[in-house]
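Here come two complexes built around chain A, the first alongside chain B, the second alongside chain C.
Then we have the complex of A and B:
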């Protein structure tokens, strides 16, 4: 599945991960599921988005693995953000 | 006979030669304007008798767009097939709006939204509130406009099941169609909303309060606030098309969760639930 938004990973988080009374809702750009996230999870996701945009997401994944692994379910969301960067770069594969 | 029924947010054209079924539509849609065919319709169906040589007795089929999407019903159960089938088709097709699986009633154009899973007592509670003076918009669909944030009425009869038939049917002013015993969902009867609600079916309302209801036999009244983010999640889950709409649905649900406070109530008696809801609605003003 291809994301339809022209937004990059960081811009997506800014737009589709708003805070409501201290909790965060995140819209998965690939599957259009919505996830309820803690502030800590959003920090990790934001760092993942920065890494994706800097072209060093694999190094970031290795660093997360070395530090005890991802919070439950979060890696899948971070990987979904990579599709936004691939789309922006025109390197995404057709679904 | 063919008729076009204006439900407010949608229109349905129905055609059937079945005399009894048409008489039931005359009763339940008595206040809807019914033209022969006004052109565009969101859903077009025909309720036609099946072949007469069936082993299990005569049957009725619902045809839509040259296909029969559902199993046939007994011939005398055309109305439950029509009501259930058109609800299903509307849920598939009305994707210009977020379709919440919710009862909706209103006071002075301010809406109370009752999102719930099947079996939570949503229809019974919606009808009870309507009989207590609230305007009826739907017992099944919260039609949320993604641009304005308003809710559109979708005025269809409410499907009451089993014990709810007597509970609602026994109240002054309640108009119900015939009882269909032993359907796949148990005994079913349809409740007709009042004339004023039908007349207002083109007038949208502003969301004011969300209440997630849960009926449990014998339960004492329990009423708790729901945090906005959790309310948004639950609204999305109680929707027919939230995921289909992606960012558009996300924005609409977020806006709703931000503007309307949400509560959860569990109750064992309508006499407990109604005053509690009145109080919550008053506070939300």
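Then we have the complex of A and C:
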């Protein structure tokens, strides 16, 4: 019953985005559904996680927009990672 | 507590152009998630495996972005990000990707890395959702009744108890938090109950390697890789159908 630190965005990717035959499986931390990602998508998600943990996710979104925008479906997953950071910071909304 | 947060965290609306490629239609052509995930992975790997494998190798070494961040310019990082964005694909497997989810191996990770409540702490009068910890272990709710049985060698002794098998066996709830419930011989639920009963308590649930429920504490006390408590996120990934019916917290 010892409290443990909740997973942050990067730790979530490490645990719930394993490699599978050249692709990657990602578990959405908000909706708990799974997604098959290319290596490029994982790189983007990892960069998003770094930005979230550094508190500069909005700047990262602007950077993505400046580089052609989000691939279909990926922004949703990146935004889902922000919930992990919010939970770690205790700023989430209780039910 | 974790589960409540995750479910209550606001979902953002996405711009209309950011739509998923839902493959639920394709899944109709496959009988099981195993076939489904395997076919997709093998198909995609066959068409672009070389390039992805090279990138994956670099990523798995933890080198690519770190090297860029440490030693190279912002412009180079921007180019890599742009390339990664261009090479990004997302296929939504939904909740049915059982094979995909199973490959995550979270049951094994849970067994190796996590520390669920132990011993008598696997029984709780406190609603797991209200526990102060941040874990989200799956608990089963039990009704506690006024019972009578042979307690400490004294027959027909009244005690508060719960059953995990529809009244065949009865466990006496511990008098002290952290002590283990005890199985009482020749016990029965009293036919006449005070208005305060049944009370509600929770016991930790155990699952096999595929996320199938196998039983509750204290009927199960030995934790193994094939027989372990699970957290909601793991259970949702390996066996989403089993997720309902439990209370999450810890």
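As a working rule, the second predicted complex is superposed on the first by the 89 of 95 C-alpha atoms of A that agree within 3 Å, B and C clash if a C-alpha of one lies under 4 Å from a C-alpha of the other, contacts with A are read in each partner's own complex, and residues count from 1 in each chain.
The criterion applied here is as follows: a contact is a pair of C-beta atoms (placed from the backbone, for glycine too) under 8 Å apart; a residue touches a chain by one contact, two chains touch by 3 or more.
Every value quoted in this text rests on a predicted model; they were computed, and no experiment measured them.
Asks: Please work out whether A:34 is in contact with chain B alone, chain C alone, both, or neither, and reply first, second, both or neither.
Replies: Both: A:34 reaches chain B and chain C.
Asks: Between chain B (first) and chain C (second), which, if any, makes contact with A:77: first, second, both or neither?
Replies: In the superposition, A:77 contacts chain C only.
Asks: Could you figure out whether chain B or chain C reaches more residues of chain A?
Replies: Larger number of chain A residues touched: C.
Asks: Give one of first, second, both or neither to describe whether A:16 is in contact with chain B, with chain C, with both, or with none.
Replies: both
Asks: Touch test for A:6: chain B only (first), chain C only (second), both, or neither?
Replies: second
Asks: Overlap of the chain B and chain C footprints on chain A, residue-wise?
Replies: In chain A, residues 4-5, 16, 18, 20-21, 23-25, 27, 31-34, 36 are touched by chain B and also by chain C.
Asks: For chain B, which residues count as touching chain A in their complex?
Replies: Listed in rising order, the residues of chain B that touch chain A are 227-230, 232-233, 236, 242-247, 249-250, 253-254, 257-258.
Asks: Any idea which chain A residues touch chain C in the complex?
Replies: The contact residues of chain A facing chain C are 1-6, 15-16, 18-25, 27, 29-44, 46-47, 50, 63-64, 67-77, 79, 83, 86-87, 92-95.
Asks: Going by the contact rule at the top, pick out the chain A residues touching chain B in the complex.
Replies: Per the touch definition, chain A meets chain B at residues 4-5, 16, 18, 20-21, 23-25, 27, 31-34, 36.
Asks: Within the complex, which stretch of chain C touches chain A?
Replies: Contact set of chain C toward chain A: 2, 4-12, 14-15, 17-21, 37, 40-42, 44-45, 48-49, 52-53, 55-56, 59-60, 64-65, 78, 80-95, 97, 100-101, 103-106, 109, 114-115, 117, 121, 131-135, 233, 236-237, 240, 250.
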